[in-house]
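The same subunit A turns up in both complexes below, where it pairs with subunit B and then with subunit C.
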Partner chain A sequence: MASSSLLPHSLLSLPTASSRFPKSSLTISSISFSLNQVSITRTGSVAFQPLVRRGRESTFGIARAGETGEEETPAETGGDESATETLEEESSVAVAVEEKPPKKPIVKLNEIIGILNKKAIEEAETIKVVPDIKPGDIVEIKKEKANRRRLALYKGIVISKSSSGVHTTIRIRYMTSGTAVEIVFPVYSPKIKEIKVVSHRDVRRAKLYYLREKLPRFYTFKKK
Partner chain B sequence: MGVVAIASQGLSLALGARLLQRNRSNPTPTPLPSVVRLCSSRKGSARRMEVLAMASFEAGIGVMGTKLGMMTYIHPEGNVIPVTVVGFREGNVVTQVKTSATDGYDAVQVGYRRVRDIKLTKPELGHLQKVGAIPMRHLQEFRLQSVDGFEPGQLLDIEEIFKEGDLVDVSGNSIGKGFQGGIKRHNFARGPMTHGSKSHRQLGSIGAGTTPGRVYKGKKMPGRMGGVKTKIRKLSIVKIDTDLRAILIKGAVPGKPGNLLRITPAKIVGKNIPKN
Partner chain C sequence: MAARFLSKSSSGSSLLGALGTSLLGVGSVARQTTSNLTYSDIFFQQQRTFIQMGTKLKVVDNSGAKRVMCIQALKSKKGAKLGDIIIGSVKEAQPRGKVKKGDVVYGVVVRAAMQRGRCDGSHVRFDDNAVVLVNKQGEPIGTRVFGPVPHELRKKKHVKILALAEHIA
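This part shows the complex of A and B:
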């Protein structure tokens, strides 16, 4: 949408350019203002919005070190130098416009825990692939025991799933030798060697705690 | 003005009063140590404050950080450890080095958390510009036995001070709980809820009878709870992440996410508590 008729109206209330130039990190290369011709350039995933000055036609150039001309404007109208300027709201995205080594994106403090969780999950996925588990799934879990000799096998129905990053846990309920057992497994633990979804039972709940009051045949599964 | 804690061994009340007087006229940013001996010079004009080494030192230089939250760290062995993630804003710059010659004690003053310069007063800004540091919100001192190796303007690097497996003391403002009663504040026991009891959450008895005929000072009673500086000792550092500039500390630390923390090497008796 680069219609020049629309944009002047929408940009009337924008503040002046002088107050919006960032002090330390300049992301603009060269700016020129033309009255009737407004062009929006798109480079990669970053959109630039031009600043339109009514009644003024001036060329305002801020040269960046090592930058040559119009290497960033593929979609230009006419022969004018296009006006490109980034608005100064959120510029944590690295601007890969010029031929500079890409700047490391600034990591906000509140994103750090999310990043740490993602990294830990990626590391855990290298040990085993974790399938998509929902309550009502009947799963088989192979877990390493303390003596590390054999793998213990657990087969039961998932009655709840608690998602919290790398500490996502599932609660398995099954019946063994006349005793009902519920076990909580941290899905991304390295001690769990395999999780396989065997079948699925249609349920209309996220947490199947009602199975505790039901007959044992609803949570008894034959291990092959 | 810091509160002067007067050591209980052998200081008279008169000396204590004189200490308070002198403190008012000559305020220092950190609380004065336990005992300050005032010696009057024989020449009569200059009074020198000689600080006796009875106050508490840090076991090593520390840093300031921000509590970001808690998560789980899964050890490669399979242990699942609850950890607190501590992030670091722009800061941890040495702003002043105090020595016994100039200030009467040895300490390193460290700044933390960059702010816009309009948020600081001119005296604060001037203090930081003197060492060429960025405008910082918080300034804290770490009192050490020796301040060699610290220059004003020096950036403190977390990886050099701490490594994985180190024990640290973390202090910060705890979560404020407001005005709380005896049960929550002092772990008192409730009265019976039934059987005709009329006292459920009250304090019960607060003293004996005619003798002494008063309530002792310090009697545990309802009052404001939390929101004070709390130190958790001997927490181990599980992991140091260099690109994210964060450390994982086992266990919980005071405050909510966003809280300012002061992380220092743990002071363990027999190991690194500096002797006088």
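This part shows the complex of A and C:
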């Protein structure tokens, strides 16, 4: 009886019965086979015409390897099993099978957050280009206000940057009207319309909290 | 500033005594009495908290008061944040002003050292605690406001203070 199995690796483990068959069967070695269409049978006489037909069916089946609803090949397999098995064994040895559907990359659980963050950052990048910001940069930020009238402009020194995917934040310190203000901006927020690095100050720290105790002139910047 | 002070003191044992005085003007921060104080030991990060009973705030309008001590933070058991209203007692006032020392007044917190989160994910904090005196209806007593004020006042319906402000942070 014919039993069809869809194990790709079973083809390799089939006993090579090529010795049994005369060289004349090699004329059909040019037909390529899909691994999914392996049918394992016992013995049978070699008949060429059904072979060719079966071969063609298999190539047809390769193109639609992923589909489950194939009516032709199961109908054909009833009669031609015997012939096909031998031929497929031969071809497996002779011809390298390359018609596998591309394997989808498996997403590991610990990569999901990284992938989601990347997607969110790509979406945010379409609104504005976010430059590379480091602590010590003097930046100008244009932010949309709640009443959506003019854009608010903030110019200050970046005293810290906290990277966490799409919620990367920078802390800006600046001085206005005699009082120092520190604002934490989420860099990829859609409310922020523009971030521009104006200049850079050489610092030897990642977090410049010491500026809070220093003279105000170190964090005072003139807005043009 | 603190480093210069430390270098003046002679021995290690007197360091803590020198730091404990209010000469530095910084709130009480734990310090080690070691002879070899590094830069990082001196400046600890302060944990800023709410404005509660006893907090002294600066008055930033021209109502006449200079400093106010919070005696009650309305609306929250923990304390007042940026944009909240407090009841305060005037501790220091200018000679000829609308309020005088000892008055009990309402005030709107316009600057707070504790950071306040906004709904877009940003946070804002100022370097000092400041208040604008208002009457019971929420209208400012003074006619000018000094320094920056935050957006939060708009949501709290303190629109008059926003109109008088120099800069909106």
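Definition applied: the second predicted complex is superposed on the first by the 126 of 224 C-alpha atoms of A that agree within 3 Å, B and C clash if a C-alpha of one lies under 4 Å from a C-alpha of the other, contacts with A are read in each partner's own complex, and residues count from 1 in each chain.
To be clear about the criterion, a contact is a pair of C-beta atoms (placed from the backbone, for glycine too) under 8 Å apart; a residue touches a chain by one contact, two chains touch by 3 or more.
From a predicted model like this one, the values you see are computed outputs, not experimental measurements.
*Asks:* For A:Lys128, is the partner it touches subunit B (first), subunit C (second), both, or none of the two (neither)?
*Replies:* A:Lys128 contacts neither subunit B nor subunit C.
*Asks:* According to the stated criteria, A:Lys161 is in contact with first (subunit B), second (subunit C), both, or neither; which is it?
*Replies:* neither
*Asks:* Where does A:Ala120 make contact in the superposed view: on subunit B (first), on subunit C (second), on both, or on neither?
*Replies:* first
*Asks:* Considering only the touch criterion stated at the top, classify A:Phe185 as touching first (subunit B), second (subunit C), both, or neither.
*Replies:* After superposition on chain A, A:Phe185 lies in contact with subunit C alone.
*Asks:* Quick one: is A:Asn110 in contact with subunit B, with subunit C, with both, or with neither? Answer first, second, both or neither.
*Replies:* In the superposition, A:Asn110 touches subunit B alone.
*Asks:* After lining up the shared chain so the two structures overlap, which partner does A:His200 touch, if you call subunit B first and subunit C second: first, second, both or neither?
*Replies:* In the superposition, A:His200 touches no partner, neither subunit B nor subunit C.
*Asks:* Just which bits of subunit A does subunit B share with subunit C as contact spots?
*Replies:* In subunit A, residues 167, 186, 189, 191 are touched by subunit B and also by subunit C.
*Asks:* Any idea which subunit C residues touch subunit A in the complex?
*Replies:* Those in contact with subunit A are residues 1-2, 43, 45, 111, 115, 120-128, 130, 146-148, 151, 154, 166-169.
*Asks:* Please give the residue numbers of subunit B that touch subunit A in the complex, ascending.
*Replies:* It comes out as residues 66, 68-69, 71-74, 76-78, 80, 85, 87, 89, 241, 244-246, 248.
*Asks:* Which bits of subunit A are touching subunit B when the two form their complex?
*Replies:* Residues in contact with subunit B: 107, 109-110, 112-113, 115-117, 120, 124, 144, 164-167, 186, 188-191.
*Asks:* Give the list of subunit A residues in touch with subunit C in this complex.
*Replies:* Subunit A residues touching subunit C: 145-147, 152, 167, 169, 176-186, 189, 191, 209-210, 212-213.
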